[in-house]
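A single structure is presented below for examination.
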């Protein structure tokens, strides 16, 4: 009998015997994955708006009605002055102030041009950006209707812009984010399990017993990663099912391709965990080191803020982040129906990481001191 | 009786001091862990402060210029002149655009119609089309906003504008350049502090259970409350130093002002750190092995805090049940506090609610710790 | 006089299957006594210790330590006893000195206050006082643990297998220390799997599978050994035992160091000669057979084999 | 399996291990004959564990020469491991695996065929009287049974040498004797037994005994010879005589 199956059998027996860890590493992520995606929604429905209408004209009232009627804004107050409205922003009651100057209607009709003033609480960058964009587009729409009213029959001039979003035309955040959040989940689970496992044998002392046997380092490391690889794949599969059943998201591209890539990706993640494991002497150390890197992987992986927005050096660094690749591939395959050819660069990068990390882990694991 | 009471109190104090000293020694002797504990929050806050942002700059777009006339040339030049976009010059037939998107080479495409200039001259109007990669919806929206603004600006300046223009003038309060740091630093700070603090104490008591020293401590006059306090204090001090380092770096390296009152910020942070440490201790008390404690602390908390703290996804958009969950996340409250003090310069009067919630959580967790603390070895 | 430790009908079981670890045990230890619980690993010694030190709640029975009930008055007991658990449970990453001063403060005292109690032991530890406890040898670790358990001058001292894994020389040192502690009037309850240590106790309880087999002074226990015992030698041990097994009229035989021990009924006569003849007849040379004085180990083996039979 | 023709299972010549300034094992020389039961005694901290770790290929010596089962302790550690068995007082078996699973695991590691494992496993379980307990977790077994099982597992693949590190600590007197019966059995089929113990009556059961003091071998001979040398009747006194002079109590 060759040695690897024997080692594997032992690992599996131990994993399934430790029900607590199994529950925490499979059931907890799945449960989180059922609940947490409800949080994934950037679409702002209730942006709090404070209005300072110095004009109190027909046109200004219609503008305000149009804004509040859009469904995006909630009028919190008609403030008498900008200072009053500003106070609302300070107390977090309002997110945006719209100020209409006195003489708005007059000047618009007479001079054909008038400005309104918008002040946005930019602490929450996302809300600020989205809110001011909504507001601008509503004002533009209103503008067109004003033109039609004032110059009936005349077509609005200038360059009009139409826009459409490819691959996700309904701009459904869940479709675009859930697969990647699933990737984060399996990264945490796989990385943690593999990082803690060898250290645990070190702490309990059983590693000594292994080290006096002729087990090859390669076999030992493999036996330590394969079970968790399978476990992480199980979590991944359950996750895909959850996305489908609870959120109706179906990957557009090939599932086979997705699994193939995730398989290689997990090898890289586990290689990393095992490498950490060979360097650390206590579970606590292993966990902290692993956590440190996982956090960096997550935040620099381009999911929550686009890689595009990062400094150039960070974009280069991000190429060495396995999560960057898995995020890209998740979106490529699930939304863009990409083929192997499209994801090949990502696949090669992750495969290279898997090889380097695992070989490094094998080399760094010492049976003899 | 009075002197006896006094003696007892001083005994408790010296218990505590000696226990705290012991905990410090454990902490200082495990150099690797100490290095990570100190380095991790600082490096992460700094790194994420530099790296994370929602700015759009030098985004690669393709202009499919079917017009190739003076107007289209002028428009392209205008787009190129902005720092937001880099226009890829190799033109593509419209069919190839999807492939360009798929390969990730471009994030947006602008399609200019054949008769751009002619229609403008004739009818005074024309329509151009923006295509964006909506896999990253936020980026797509921002790109659309910027491009539309540039084009509108272009048509205004060109004198082709319609009459009766209402031009909104927008000012971004508190963070005029919409930099990433003011957005992300408070959030990352809340999240990293929470996770690090919880993880530090999550193993603290369960480790003594595993090594057997808990047995000796139990058979001693040491009271549970002392054990809990003694476990928390060293990490409180460590975390406070961490906090100072984070604040120092974010004001110097990240140029983030602290508009409000620094002592207030420090006090609120100490409160938050205490909440997290107590949560960690609770985990430590109810678990039987370090491994379980760590898994609960990390797998159990990482994603929920990340997603529910409010700095990633707006809480007001969530369904009620999830909002309730978010309100139970300490980092959600601290995130608001940090943001308001650092960036808005708010005072305690604006923050008393958040403060009260955190204080309440801490007391509740502490009471739970005392209640759950097992004074014997029996399984419950 | 009030008893230092008084346990009545103590039982403890674990798990869903209610595996009985301690089976209706009663014990009485007088103040100032050095009392030994002698039995192998798994006999239930640790569970008894944990119930007496208030760490576990008994499933049946009651126990009092210095008059305090182990369930109700656990706070008082914890103020008054010293406890050294089975496995090494000091802080491995603290130095010898740091461990000691930590435990002193925990028990509201200082190293100086009770220095006279620990000084014999501490002298040996002093050269290593800056060394981490984790880097001490087994013997030294146990001495340090004893110091830590003694530092507050406990009224009752509980030592759970203090000498397991310790070399014979250190074990001897350790017991000499216990003898000296007794002079300070401290009641000591000690558990050990080493039968040879039993003779150093005032009284012992032999314990196996959660039950107490016998309680008395070591001398009385060995004196009550019902059989006649011989020590036998003749070439190799395995050959001797093989030959002895073929002989009728012996109750049991087993190796015991250099010699094999042979127990025969007390009523049997001329066994000495019979054994000798038998061994010679089996072709063994240099045969030695002579009466032996039973030890606690012989008593223990008798109990174990009777139970099996 | 053995590739050389040395008559000795273990040869150590000036074997030394230093940790910084500290000489844990100081130029130790000895040899162990094939099929011998060799007692390796010494006080805590005398350097026994370090010496065993070098012989088992867990630790590379600082200087000196050594072969185990004919293989070099510097360059052929993995081949040594193929030819030895090892059991320590703690951690010899996985407590969260059952009796059968432990046997299958350790036998499998040494590459025994599945059929062979199955038949030998049944034999072993029957011999140890563990038929009822075959599917129980090892952690739930009494220590004495655990140790007997651990020893049987350590010699399951018929190694040339088996290293036993304090195998009988805390085990009851009857089981301790049964354990030694297993050792004799192994020695009878030619397995060299290298054993450390703190029970000095067990030293009497060894063919030869070495006593280590402060990293050196202070005495090495048959128990009878040693007692004669020191003019006493028990190994106890021999050991006490040698070990009490040790300077390195705390190491």
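As written, the chains take the letters A, B, C and D, and residue 1 is the first residue of each chain.
The criterion applied here is as follows: a residue touches a chain if its C-beta (ideal position, glycine included) is under 8 Å from a C-beta of that chain, and two chains touch if they have at least 3 such contacts.
From a predicted model like this one, the values you see are computed outputs, not experimental measurements.
Counting steps between touching chains, the shortest path from chain A to chain B takes 1. Separating the CA-averaged centres of chain C and chain D is a span of 26 Å.
Chain A and chain C, compared by their mean Cα positions, are separated by 62 Å. The mean-CA centres of chain A and chain D are about 56 angstrom from one another, to the nearest whole unit.
For chain B, residues that reach two or more other chains under the stated contact definition are 30. Among the residues of chain C, none is in touch with two or more other chains.
The multi-chain contact residues of chain D, meaning those touching 2 or more other chains, do not exist; every residue touches at most one other chain. Contacts between chains close into a ring here, every chain touching precisely two others. Contacting chain pairs in the structure are A-B, A-D, B-C, C-D. By the touch criterion given at the top, residues 53, 56-60, 77-79, 81-82, 84, 86, 88, 90-92, 94, 96-97, 101, 104-106, 108-114, 117, 137, 163 of chain D touch chain A in their complex.
Residues of chain C touching chain D in their complex: 39-43, 124-125, 127-128, 131, 136-140, 161, 164-172, 193, 195, 208, 237-238, 254-258, 297, 300-301, 304-305.
Those residues of chain C that touch chain B in the shared complex are 50, 53-57, 74-75, 78-79, 81, 83-85, 87-94, 98, 101-103, 105-108, 148-149, 158. Contacts from chain D toward chain C in the complex involve residues 42-45, 89, 142-144, 166, 169-175, 177, 180, 184, 198, 200-201, 204-205, 223, 234-236, 239-240, 243-244, 246, 248-251. Taken in their complex, chain B has these residues touching chain A: 30, 32-33, 36-37, 39-40, 43-44, 47-48, 50-57, 59, 75, 98, 101-104, 107, 116, 120, 123-142, 144-145, 147-149, 151-152, 154-156, 160-176, 178, 180, 182-184, 188, 192, 195, 199, 203, 207, 288-292, 294-296, 298-300, 302-304, 306-308, 312-314, 316-319, 321-322, 325-326, 336, 339-340, 343-344, 346, 350.
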